[in-house]
Every structure is written in structure tokens, then in C-alpha cells.
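Here come two complexes built around subunit A, the first alongside subunit B, the second alongside subunit C.
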Partner chain A sequence: MKKLLFIAGAILVIILFPILNKNMYHLYLMNRALIHAILATGLVFLTGFAGQISLGQAGFYAIGAYSSAYFTVKLGMPIPVGIIIGIAISVLAGFLLSIPSFKLKAFFLSLVTIAFGQIVWMLVINLTPITGGPYGFFGIPFYSVGNNMLSFGQVFWLFGALLILCVYIMFRIKHSHFGRAMLAMNDDDVATESCGISTKRLKIAAFGFAAGLAGLAGALYAHLAGFLSPEPFTFFESSNFVAMAVVGGLRHMSGGVVGGIGLTLLPEFLRFGGWENYYLMVTSLIVIVVIIFMPMGLGPIIENLFRKIFRLKRSNTKTL
Partner chain B sequence: MMLQDILQNIVSGASIGATYGLVGLGVVFLWLTISRINFANISSAMLGAYLFYTFYTMVNLGFFLSFVLSVGVIALYGIGLRAFIYEPIRKRGGGRLEFVVATLMLCTFWLNLIIVTYGALPKPFPPVFGGNKDFITIGSVRIPTLYLNIYLVIAVLMVLIYFILNKTLIGKSFRAAAQNREAAALMGIDVKVTTSLSFIMATCVVGIAGILLAPIYFVSLELGGGSIGVKGFASAVLGGLTNPYGTILGGISLGLLENFSTLYISSTYRDIISFSVLVAVLILKPSGIFNWKSKKI
Partner chain C sequence: MDILRTENMTKSFGGVVANNNLSIGIPEGKITALIGPNGSGKTTFINVVTGVHPITSGKVFFKDRDISGLDVNVISRMGIARTFQKIRLFENLSVIENVLVARKPFYKSGPISVVLNTPKFKREEKENKEKALELLKLVGLEDRAYDSPTGMAYGLRRCLEIARALALEPQLLFLDEPAAGMTRDEFKVIMDLMIILKERGITTLLVEHTMDFIKAVADWVYVLNFGQVIAQGKFEEIERDPLVLKAYLGEE
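Showing the complex of A and B:
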């Protein structure tokens, strides 16, 4: 019942925000924040629940963005179809990347994912007939219904709905037998295998899900920005995405949302007059401090704050 | 293809590759003692290059003094890295992932600090290791003095590292702590000292690598991110993450592979080829190719 209250509150915030705030830049930023929240949610699933690491999420992000852009611009497909194709190709790449995870762990796996991200990035730069390379990919259509372009506010509602859907799917997966098997695999690989659970299948699924969310985020970004260049898909973006998941809290459903929105908006809050040069520097410093002093992440802290404000009791399942 | 071209490529590939190996050594030293990977490893290279540039070109100290000063500052940075990043995370129960993300963010922090203080444009590196047109001709192969100096510095460094690790007491305790931390602590070895030593060695070696790479890549942000760091990791992996000498060999083979793929295939796909080799090695032989001793060091 009280969980429903939370969800209703979240929906209310998403509905009210564009109505109360008409500033285009703020809305654009919030849209970017929601995209990052979707991506970070996928990473929370992959790292926090399934125990795998990926420092190449920007690769999937790029695959989703460029395939959706290619299929809508060059082949003239409608935007939803383009987005779905983007997700599908990204999920396939995720299945492929899960193969090394059967054998490798921790650092070695992260190295493979870094290499994957770099390879995708170089392909983006070098495959100019498809991606436009360093010159960029122009003229990607904006969201529209019929002939009416959506406003940034309506796009915000769309993204918010998609984010809630993603978190809900993750919630359901976590509480299915599949999710419990994944948590078991996170604790002990070998013991899970000896219980008759195929960890290979779980890893394939986890990578596929995270890659799918990253592809969705990329496709959404492509149509929001209308223009793609190789810059947002570098290794540093991948490390930012992991930072979002860790800062938000890896073991919490809200981790991706808190981290994604928080780390997208934080640099903007730091743009004081006269100090613009330093905001990226200070952002990375703040992230380091948060990681050192709050290894659990901000998600649980914010949840506790909400509990205190609304005098909710801690639920037994420790979820949401 | 002429034999001469092949020899020429071997000379240049091996020297750049050896510097990749030096970057990889930074990873190996930390892995041996604390079993963590410092993703801000390559930042030390950038800091080394910029510090040397500051001391040599801007302050006009001599080559030797600038070199010693920049390596000294980098050593201090290594101690700071341990005191302000590694220890606080360990005390608060943060795991490997926290260290990974903290060092990743440290990497962006240094990049942005350099952008703020020096600007984003690459700076020309003073020709201290020989200019573009200095070379020595052996037979029909021209060896630029720059490459000769890189070989020289790396050879001296390797002898120094061998000497420290094998002939001194602190090196002995370092190897003991690398083999078994608890047992070494029980035998009265100060593990804190060896940990600090590993941080200092890791950052210094990478800092020197940065100074050596600067004539090739300029004093630029390229040194603090991008693909050089990944190539350092790759050479460490080829050395099995535990063998310092194997790491240098791994770096050299990576450099050769790069140069010959530029020669025979295409320069645009050079990095893609070397990263694919990295993935293949990781999947097929994660214990490393140049790792002839299975135990640590």
C-alpha cells in the first residue's frame, strides 16, 4: 500500500514538473537525466544484482543511438520501430559480450568491456558511410504524433513513463525465481551452479537486459538531440555511467534513478558565475568523496529520509 | 616489402611498445600488493609529462633536475593516492568496485585539472631525447636517437627494478608481501611500508613512461586517457598481471603488432586490431602469455 503511495508520488512529480517549469533548458536537462537514469538502472541490475561489471556501456548506448538513427533516417522507418530495432541490436551485442563473462571475473571482465566500448567507439568514428564519423549524423527526426511535434514537456512524460516501466520490470525480475538466482550468483558463482542453476543463462540474460536498457537510452537520446557525434560515446562516458550506478547505490532499486538524475544535474548546480571552468573537476571530486564516505550509495540514504518524513515502517523485504 | 622497412618498423614498434610495458608495470606493482586495479594509472603518465614540461620549459631547470623533480612529485602523488583514496575506502568497507569507480573519477579529475591549468591544446615537448632529425644509421636502418634513448631509459629502469626487488631488503619484503600478505605480516614485515613502496613504484614508473611518450604524443591530454591506458592494461595482462619482465615483453609485442598492422592492413583499424587481440588473449589464456613463472614474481 505504502509502496503504491511512493509510485503514485513519483508519477505525480513526473506529471507536475513540465507544467510548473517551462524553462526549455531545464526540461532538456531533465530529459537527459531520465535517459541516464534508464541506463544506470540497467547497470544497477547488471552489477548490483548479477555481480557482473561493464565499463563499456557507452558502446551499447552508441549502438542503440546509431542504429535507431540509421533505420529512421536512411530507411525511413517510424521512430518507435527504430527504437525497437536499436534495442534489439544492442541486446544481441549484449549477448555477445556475455560470452567472456563465463570465464572471466572482476578486472579481466572489466577490461574486456573496456575493449568492447573502445572498439565500438572506433567503429563509430571510422564507419563514415553509416555513422557519419567525426562529422556527425544529422537530421534525426524528433518525437511526433501524426504531424504534431511533441514538446519537451510531453517528451519528459514519455521518458518518465518508460523509466517507471523499466524499474517496474526490474522489480518484477528481482522478485521472480530468476532474480533470486541472480542474487545467489552474485554471492557465490560456484555454489549457485552446484544448486542446478545455469549461471551462463543468467549472465546472458543480465548482460542482455543491461544492454537493452542502454540501447533504449541511446535511441531515446538520438531522437531527443537530433544530431549524433562520437563525443558522448567515449570511455569516459562509460565510467560516468558506472559512477552513476555506484553513487546511487548498487543494491537498491532506486540506485539507478537517484544516481542517473543526481550525477546529470550535479554539474549544472556547480556552474556558479566565474567558476564555470571548475565544475567538471569539482563533480568528479564530489563523486570520489561520496564513494569513499558512503560506499552504500545515496539511494538508501534518500529512502531513509523519505521514510522519516512520511513515518513509514521499514518493510521486511527491503525493496523499492 | 623490403627487409629494411621491416627492420625499421621493428625498431619503432618495439620502443613505443616498451613504453606501453612501462605503463603496464604500474598496474602490475599495485596488483601484486593490494590486488586492486588503479584505473587512474595512466593519469600518472600525463602528470609526469606536464610536470616535466613545467620544470623544463617554463621554469628552465636543467634536464636532470627537472626529471628528478617531476619523478619526486609523482612519488608524493603515489603516497597521496594511498593515503586519500585506497586507505579510506578500505577502512569503510568499500570493495573492489568502489576503488575502481573512485580511480576512474580520479582520472577525469586530473584531466579536467590539466585542462583548467594548462588548457586543452597539446604543447610541444622539448627535444631532450633528440629531435626529429637526429638518427643513427646502422646498415640501412635509421634509428632515431629518440628511440635509442627510450631503450636506454627502459633498460636502466629494468636493471634498477631488478636490483631493488632482488638485492635489497625492502625488495625482499616486497616480494614476500606479494606472495602472501598475512604470512609476511606475521614474519615481522611491515606490510604498510611495502604497500607504500608499491604505490610509489607504480606511479613513478608510469610517470617516467609519460615523459618518454611525450615526444611522440606531445604533452597532451592524449596521455591522460584514451587508448594508451588500455594498451598499458593490455601489456599487463599479457604478462599475467604478476610478471614485471613479462609485462615489458607484452608491451613490446603489442607495439610490434600495432606497427605491423599499420604497415600491412590499415592505420584506422590499428587500435581495433590490438584491442581484439587483447580480448582474444583474455578469453583464451587469462593467465597471460609472457608469464613463465606461475607464482608471483
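Showing the complex of A and C:
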């Protein structure tokens, strides 16, 4: 099957990248890109599939990061346990944030999610005994097996595997009764309810899933950076995450991956081109251009490109 | 025996009383029609019974169980399916997926079986797909199963909505103006379908303006005006009722 070949190709690229490129900065950047891809994938699920909106994903990102940091540093738990706790707390917060979505839609819902992001951010700054506040949270352990610290390249493999796992889970859910129900809810709430489906439960699940991926991304970031300060968790970051999902393609399985990696690397490319003073402006312009001229995002375009190169047949997704 | 019964059901929107003290019984296994001039409260009746609009006062009993105040999805799963006056399909899903959405309550696989793609889930998916195709065949849409419903002819979209409602395996089916905007040939298809459903034991409540249609299929007719029942009986009786004529045609 050509599809399997395609996936094998993607895995090969992930395996080869750290072997061929030993530049520490490039690897660190790619690790950040994969973290953003995981988070944006959750947003694609929430917004593109389930039709809900969140401009507060940085809140979950923070919850995942600080929970994992706290449980590993202050309570001496191993990193995987810290990450799992980070995900769990984030998912619970996601369940809570889904409650306003029962009644609110679009604009009003986005306001609530912004407020949520702000609340978490204020907690990060003011809950100094747990978060370290504006001074930061120091000494978060780096990934290791036994006493051996992993290299950035090995961490890249770990993150790549986790990203593939997340996309795979999303793929399976999309092509099931749950996924169909979510797409249906995206089209029409009342008609979905009339099909015997509880839209409340779907919204809880969708917010929980997106929050879980954001929590995972946050926890992965904490142990990669080794130090946490409040800056990466502002509203600016939340809107950046939404931009990643939109540029990548909200309706597309690869949207989060393409957008997350693309928008993380783009400013860096501009930096090399001598545009460092304008990179924010150029990034924003590119986002606007993509949204206007490619409303489906870059995901489908890149996928078509790959299809042409590898002469893959268009898989008929409608055959389920 | 009445499968559905309302007791003094009232629904008001602010000062407008759309359903005023309605006590209606829908006989099991029959086709009941609900007619009346525009704004007489027919669609409101369906929306209140199915839980879309919360009831203001009174009660609704489905198979002698009080269902007033339950969520739309709970009422739907109990066996009450509906179509909408203004067709509401899932435009981002294919024709067969539209039907499959309403099969979700029959799936037993949880998220973990789905992610692991277990044989049990695959079997369920296959069974429900077959069931959906069967329903599409019933309404004559099996050739269009993998097309998008967007841009399909109006009559076909209606049929798809009915197929989706039937996917819930309902005991009671509400059809809200199924023949509206249809040609004679198109609504003949729906009439035939309703006869088949009746033979299968499904109770239907039909809201309709096309009198030929009602005359051909309805066993019992309720006439609403200003949210109240002004007449009920067989179509032939209703046809001559002076109150009904007055409501529809004005004073003689």
C-alpha cells in the first residue's frame, strides 16, 4: 500500500534529520517546532473537526509545563510520570473550559477562552510558591535514560514519535462514529442532537483532547528548556497557536503539523535573510496572505505536492 | 393506544403563545397529520415535543413516560426521529456519512477500541455501513452514497434527511413539511415511502400544507389555529368543517 510507504517515508525523514544535521541550534528549533505541531494538532481537532474555538491554548500549555516541572522537581517524580500528570491536569482543565461552550458560540466562546488563558497566566505570575512567578522555575530535569542524558537528536526522535502517535490517534477518531459526530456538530448542533448524539459530551471530549495535547506539548517544553518563565504563556502565544492551525489547514489531518512546524521555522529563515528587524511583520503578512488566498491552509497544498511527486493516488476518504 | 400524548402543553415565546393548552394524542402505527395556517404552532409542537424548545407548562408523554424537559439527544434515542422544515443536512459529510451520524447511538465501541482499530469496531462499522446503504436504497439514494449532499436536487435532499431520521430506528417519526417545494413526482416518492413505513409499524406525524398529500396518507388529522386544536377527525370530515374553512379561507 502506497499510503504505508508514505508514512514510512515520513518516519525515515524524522530518523535521518538528526543524523544528517548535527547543528544544536537547528535541532533545538526543530524540537520546538514538533512541540508546536503537537499543540496545533489538538487545535485542528477542536476547531476544524469539532467546530469549537479556543484562544486560550497557552493556558493549557502552561498547565502542562508547570505541572510536570512541579511534580518532577518538587516531588521528585520521574519525567514520564510528570508528563502524564501534566496531561491529566490539563485535560481536567479542558473539561472545565468546555462548559461555557454548551451555551456560547464563536465570538462569545472565544472571549471566554481568552479569559481562561489570562487567568492561567495571572496564576503563573502570582502563584510563586508553585511557579516561581516572574523569576522563573529553575532546574527542571532534562530527558534521560538511567543516568545518560539524551542528546537533542534523540529528543527529536522522541518528539517525532509522540507527534506521529497524536496524529494517528486523531486519524482513527476522525474516521469513526466519534469523528463523524464531531464533523456533524461542526455543521449543525440541533440536527446532531436530533440524531441521538449528546453534543455536550462531544464538546467535553473535544476540549479535553485539545487540552491534553497542549498539556503534553507544555510538559515536553518544560523538560526541553529546563527553565520556565511566564513569557511563552501569554495571549500572544495563544493567538500564535491558532494561526498555526489556520495556516496549516483547520480541516486537514496534517494541518497542525504543517502549521506548527512552518510557523516556528519561518521567523528563523527570515532572520537568516537579513530581515531580523521585520520578521514579526513578515510572518504576520504571510499568515494574512495564506488565510485570504488559501483558506483551506497549506496542509492540502503540500499533500497534493507530495502526491504529484510520488504519484500517489488520491485516497478516497469518503469510502471510510 | 396513543404512542405520544401531550397534556395541556403550552409554549410561549415572550407574549406570543405558540401552543396553547394542547392535549393531543398520536395513535400508534398510524399516520397523523397536523395542519393549520402559517403560524398556527405546528412546527413549535414538534420542537417542544422533541426537546428543541423547552416546554412552558404542561407535560408530554411518550409511551406513557414523561419526556418533558429531557435533552433533545435523549428523546431522540428513546425512538423519536424528525426532519426539519428547512432541510438541515451535514454539508461537510458525504451522503452515507449523513446517515451514519444517526447510527452513532448504536455503536458500542469506546474511544480506545476506535484508536486500536479492534476487529469489534471494524465489524460494527461494517454493519452500520450496510444498514445505512439499506436505508439509502429505500429512499433511492444508493447511487449517490459517496457524493456530497450539497447541490443535490431538493427532493433528494429531503429523502436523505428522511433516511437519516430512519437510521435512528424510530418508533415515532415527525416529518415537518416533507412535500414543501416539491414537484408532484417528487412527493409521490415520499408518499409511497410513508406507506412502506406504516407497514413497518412506524408511527408518523406529518405537518403539511399539500392537501392532496394528506388526503392520500393521513389516518387522522388535527387542525391547529393560533396554537389550539380547532378540529380533529378523518380528512373527509375536516374538509367540510366550517371552523377549518374559516381558518384557512377567512369568513364566507
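Definition applied: the second predicted complex is superposed on the first by the 313 of 320 C-alpha atoms of A that agree within 3 Å, B and C clash if a C-alpha of one lies under 4 Å from a C-alpha of the other, contacts with A are read in each partner's own complex, and residues count from 1 in each chain.
As a working rule, contacts are C-beta pairs under 8 Å (C-beta built on N, C-alpha and C of every residue); 3 or more make two chains touch, one makes a residue touch a chain.
Remember, it's a predicted structure, so these values are computed and weren't measured experimentally.
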Partner chain in contact with A:Glu193 - subunit B first, subunit C second, else both or neither: second
A:Ile173 touches, of subunit B and subunit C: first, second, both or neither? second
Touched partner set for A:Ala184, first subunit B, second subunit C, both or neither: second
Partner chain(s) touched by A:Thr47 [first = subunit B, second = subunit C, both, neither]: first
Greater subunit A contact set [subunit C / subunit B]: B
Residues of subunit A defined as touching subunit C within the complex: 168-169, 172-173, 176-178, 180-181, 183-184, 186-188, 190-199, 205, 251, 316, 318-320
Subunit B residues touching subunit A - in the complex, by the definition given at the top: 37, 39, 85, 88-89, 92-98, 100-102, 104-109, 111-113, 116, 225-227, 230, 233-234, 237, 268-269, 271-272, 275-276, 278-279, 282-283, 286
Subunit A residues within the subunit B interface of the complex: 47, 53, 55, 99-100, 103-104, 106-108, 110-112, 114-116, 118-119, 122-123, 126, 235-236, 239-240, 242-243, 246, 250, 277-278, 280-281, 284-285, 287-288, 291-293, 295
Of subunit C, residues touching subunit A in the complex: 50, 52, 71-74, 76-77, 81-82, 84, 88-94, 96-98, 100-105, 107, 109, 111, 114-115, 117, 121, 125, 128-129, 146, 164-165, 167-168
